[in-house]
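One structure follows; several queries about it will come next.
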Amino acid sequence: MLTLVWLVPAIPFGSALILATFGPRLPRKVIAVLGTGAIAASCAISLLIASEFLRNPPSGNAFTQVLWRWIDVAGFRPNVAFYLDALSLIMIVVVTFVAFLIHLYSTEFMAEDDGYSRFFAYMNLFVASMVTLVLADNLLLLYLGWEGVGLCSYLLIGFWYRDPVNGLAARKAFIVTRIGDTALSIGLFLLFTNLGTLRIQDLLQRASMQWPQNSSLPIAAAALLLGGAVGKSAQLPLQTWLPDAMAGPTPTSALIHAATMVTAGVYLIARTHTLFELARPVQFIVAIIGAATLLLAGFSALAQRDIKRVLAYSTMSQIGYMFLALGVGAWTAAIFHFMTHAFFKALLFLAAGIVINALHHEHDMFRMGGLRRELPLAFWTFLIGGSALAGLPLITAGAYSKDLILWDEWSSPLGAPGLWAAGVAGVFLTSLYTFRLIFLVFFGRQGTEVTSRPGFAMQLPVWILAVLSIAAGFPGRSITRFLVTALPGTTETTHGFLSETRSGIIAGLMFAAGLLLAVFLYLRPPIRQPSTSALQRLWQADWGFDWIYDRAFVRPVVWISNLNKNDIVDSFYDGIAATTELAYRALSRIQTGRMRWYAAGIAAGSALFIAIAIFL
Amino acid sequence: MIRDGFILAGILFALGTAGVLVRRNIIFMLMSIEVMLNAAGLAFIVAGARWSQPDGQILFLFILSMAAAEVSVGLALVLRFYHQYKLLDADAANKMRG
Amino acid sequence: MQVVFYISGAIAILATILMLTRLNAVHALLYLVVSLLAIAVVFYVLGAALAAALEVIIYAGAIMVLFIFVVMLLNLGETAANEERRLLNASMWVGPSILSAVLIAEFVYILSEESHANIPAPVGPKQVAAALYAPYLIGVELASMLLLAGIVGAYHLGFRKVRKGDS
């Protein structure tokens, strides 16, 4: 049964090929069935594999399936091979399940779009790449999946390519993540030249044997891998692409930019955890990046007008939580939060998509309002998802995973009270911006008319995700126990005045404080106009990062390219052409048509040749 | 004397070349060509005399017959030319543009 | 005998130069005839009596006469002379003179190492004829074919039957 694991990426890849080749000629129903069915098949196989894995765990708690040898050059022999352990199993189950629900949703959401088959082809290709990334046995195959998801992200952000704004957003996403990808590839080079293999398990073993703690090599390697992760996961300083990526269709934002691709960085760090454990300074930086991003993004989310941008910043912030967990060695907590986050963030995006669709593509929250009577489904699912995001204690999954992270911040030997405090402050901010969104959109006077209601294909996924957003938190302990077979466990030392329950209570209080403040600001006196104070504008512009990057990087590069606007190298070839033309014009003056001129030519030529014969 | 004979032939040949290049009248060009042919024939005779062989004169004979044939055809062409262009300007037969 | 050679040579050169600078075609032709006769004398001095005779008879006597006939047929007249005067100015001579000067200089340079042979032995007609009929037989045949071609070509080109749209 476990040997079927290769089908999990292969089926969506095959379906993507078919849709890409024959898509425009197929009827809509067939495209929908093919696109969604492929993911459904992947999901089913993942679940089967999961049940088999849990019932009969393979030896060493890991299963490797080698498909073929990929490259064999000078001692470099990566295979195309898939590695199944607790970590990759959880990831493929979550990824394929959420992807299936989102594909189902998109069959209705994208129903009027011209590029129906193109959309499903790209989405399927994305799922195939993501699963390859997660299942990869060696870093080269992982990098292949990494590039694949980057490509699909670009294709899908710029899906409505006729509007140049979308193209710009897609390019921005691609270029910013490329910076991270370059760091990652340099890291791969470093790892290979020093350790001789890219197979992850071998690599980690050799590193722990050969490299002393905190020496320069693991620090360099870990820092480079962190660079790649930061780019893909939209953390500081490479986070500027994610808000603009909301230009893509909502199912894309749900799948790629909420649940899966942006968590690839988290997966990478978790997978190569040994390297980070060998490079403690870098691991600490991971935590700092996580803390900084979660706070920064939280503030920015408070000042946004576009509903999807709020969710984008929210994603950035939640991934900051995951990075925070990774930074203190709480590997299992990070993955658990990834799981719950995938469910409730996808839910939030899909529900937002219902709202956007119903209001005929209105994105501005300040023009919405009072929708809780018109769109009850969206309202309740949004409420459930938002509560999970903000961390409503005891009944939402998000609360469980976030509490676990917060507790690990305090209790882990690598943790620091400052990090815990940052996380707790983040809970307050999250609650505040989430309920701001809910109150603005669903309460108060109605701003825009509702023009359409969601159908079955859009309702079912949100219901399922809503249930999961509540239920997925309950088996938290079992999940972390299961993950310990693949990742190191987290030691929890009790010190200071906090215990786990006390930390949870404080987090719950923060949640309530945010909710109350939102009620005072946005519900009681219904604020209908966005504030334009300087602080709000700074937060809306994401703390000015775009502005800084534009001045510091984009403009110099553009200026340098303008220097070469006429392309010096090209002008060399133009010069050849121009010289030839000049020579042509000169020579054509010889063709006068006058006989005596030709006779003169003959005479001069013979004189010349005689001279050459005499003197040479 | 042999050397001076060659030099004479050379001078006549160069003069004939100059004549071809300078004069625009076709008749004069043909005359200059005759001069050049004659100069070549002189060179052959001188060479034959140098070695006291009859070959020089024989080649001169060939040159002579060739000159005769060439003159006949050439003058016939000149008559045609005059008939069409009403001028004997060699540069008139220039249909090239630009 | 050497003196005769040099004098005839000088006459030939002078006559040719004069020929080149005449405006009237008939005058130029007559100067050309003089030049050819002078060359014939040179041939005789060099011992090629047959060549001298042929030069006078055929070249000066037939070919040049043909020239004169055609020129008179064209009946160029005063306008042609004016045309020539207009076209022939000193600046036209510059290029060709330079070219000719270069050629002469090259010839002189090449020939400057030749040894002086004195009055060469005459080569009689008998020798020439014997050579013609043995090694150069094919040349003779080819020359006759060339003349035939010349005749036919001249006949066709000179035949001025007016055809519709003919150039």
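First chain written, first letter: the chains are A, B and C, and each begins at residue 1.
One rule holds in what follows: a residue touches a chain if its C-beta (ideal position, glycine included) is under 8 Å from a C-beta of that chain, and two chains touch if they have at least 3 such contacts.
Quick caveat, the model's predicted, so the values are computed rather than measured.
Trainee: Based on which chains touch which, is the overall arrangement a line, ring, star, complete graph, or other?
Mentor: The chain contacts form a complete graph, every chain touching every other.
Trainee: When the contacting C-beta pairs are counted for A-C and for B-C, which pair yields the higher total?
Mentor: Counting C-beta pairs in contact for A-C and B-C gives the edge to B-C.
Trainee: How many angstrom between the C-alpha centroids of subunit B and subunit A?
Mentor: Using C-alpha averages as centres, the distance is 90 Å.
Trainee: Could you please state the distance in Å, as a whole number, between where the Cα atoms of subunit A are centred and where those of subunit C are centred?
Mentor: Spacing between the chain centres: roughly 96 Å.
Trainee: With chain centres defined as C-alpha means, what is the inter-centre distance between subunit B and subunit C in Å?
Mentor: 6
Trainee: Give the residues of subunit C touching no fewer than two other chains, as numbers and ranges.
Mentor: As it turns out, subunit C has residues touching two or more other chains at 95-96, 99, 103.
Trainee: Give me the residue numbers in subunit B that touch at least two other chains, ranges are fine.
Mentor: Residues 17, 21-22, 24.
Trainee: Among the residues of subunit A, which are close enough to touch at least two other chains?
Mentor: 600, 603 - these are the residues of subunit A that touch more than one other chain.
Trainee: For subunit C, which residues count as touching subunit B in their complex?
Mentor: Residues in contact with subunit B: 2, 5-6, 9, 12-13, 16-17, 19-20, 25, 28-29, 32, 35-36, 39, 42-43, 45-48, 50-51, 54-55, 58-59, 62-64, 66-67, 70-71, 73-74, 76, 80, 83-84, 87-88, 92-93, 95-97, 99-101, 103-104, 107-108, 111, 114-121, 123, 127-128, 130-132, 136, 139, 143-144, 146-147, 149-151, 153-155, 157-158, 160, 167.
Trainee: Within their complex, state which residues of subunit C touch subunit A.
Mentor: My answer: residues 95-96, 99, 102-103, 106, 109-110.
Trainee: Mind pulling up the subunit B residues that touch subunit A in the complex?
Mentor: Those residues of subunit B that touch subunit A are 17, 20-22, 24, 29, 90-91, 93-96.
Trainee: What residues on subunit A touch subunit C, complex-wise?
Mentor: It is residues 600, 603-604, 606-607, 610-611, 614 of subunit A that touch subunit C.
Trainee: Would you mind writing out the residues of subunit B in touch with subunit C in their complex?
Mentor: Listed in rising order, the residues are 1-8, 10-19, 21-25, 27-28, 30-32, 34-35, 38, 41-42, 45-46, 48-50, 52-58, 60-62, 64-73, 75-80, 82-84, 87-89.
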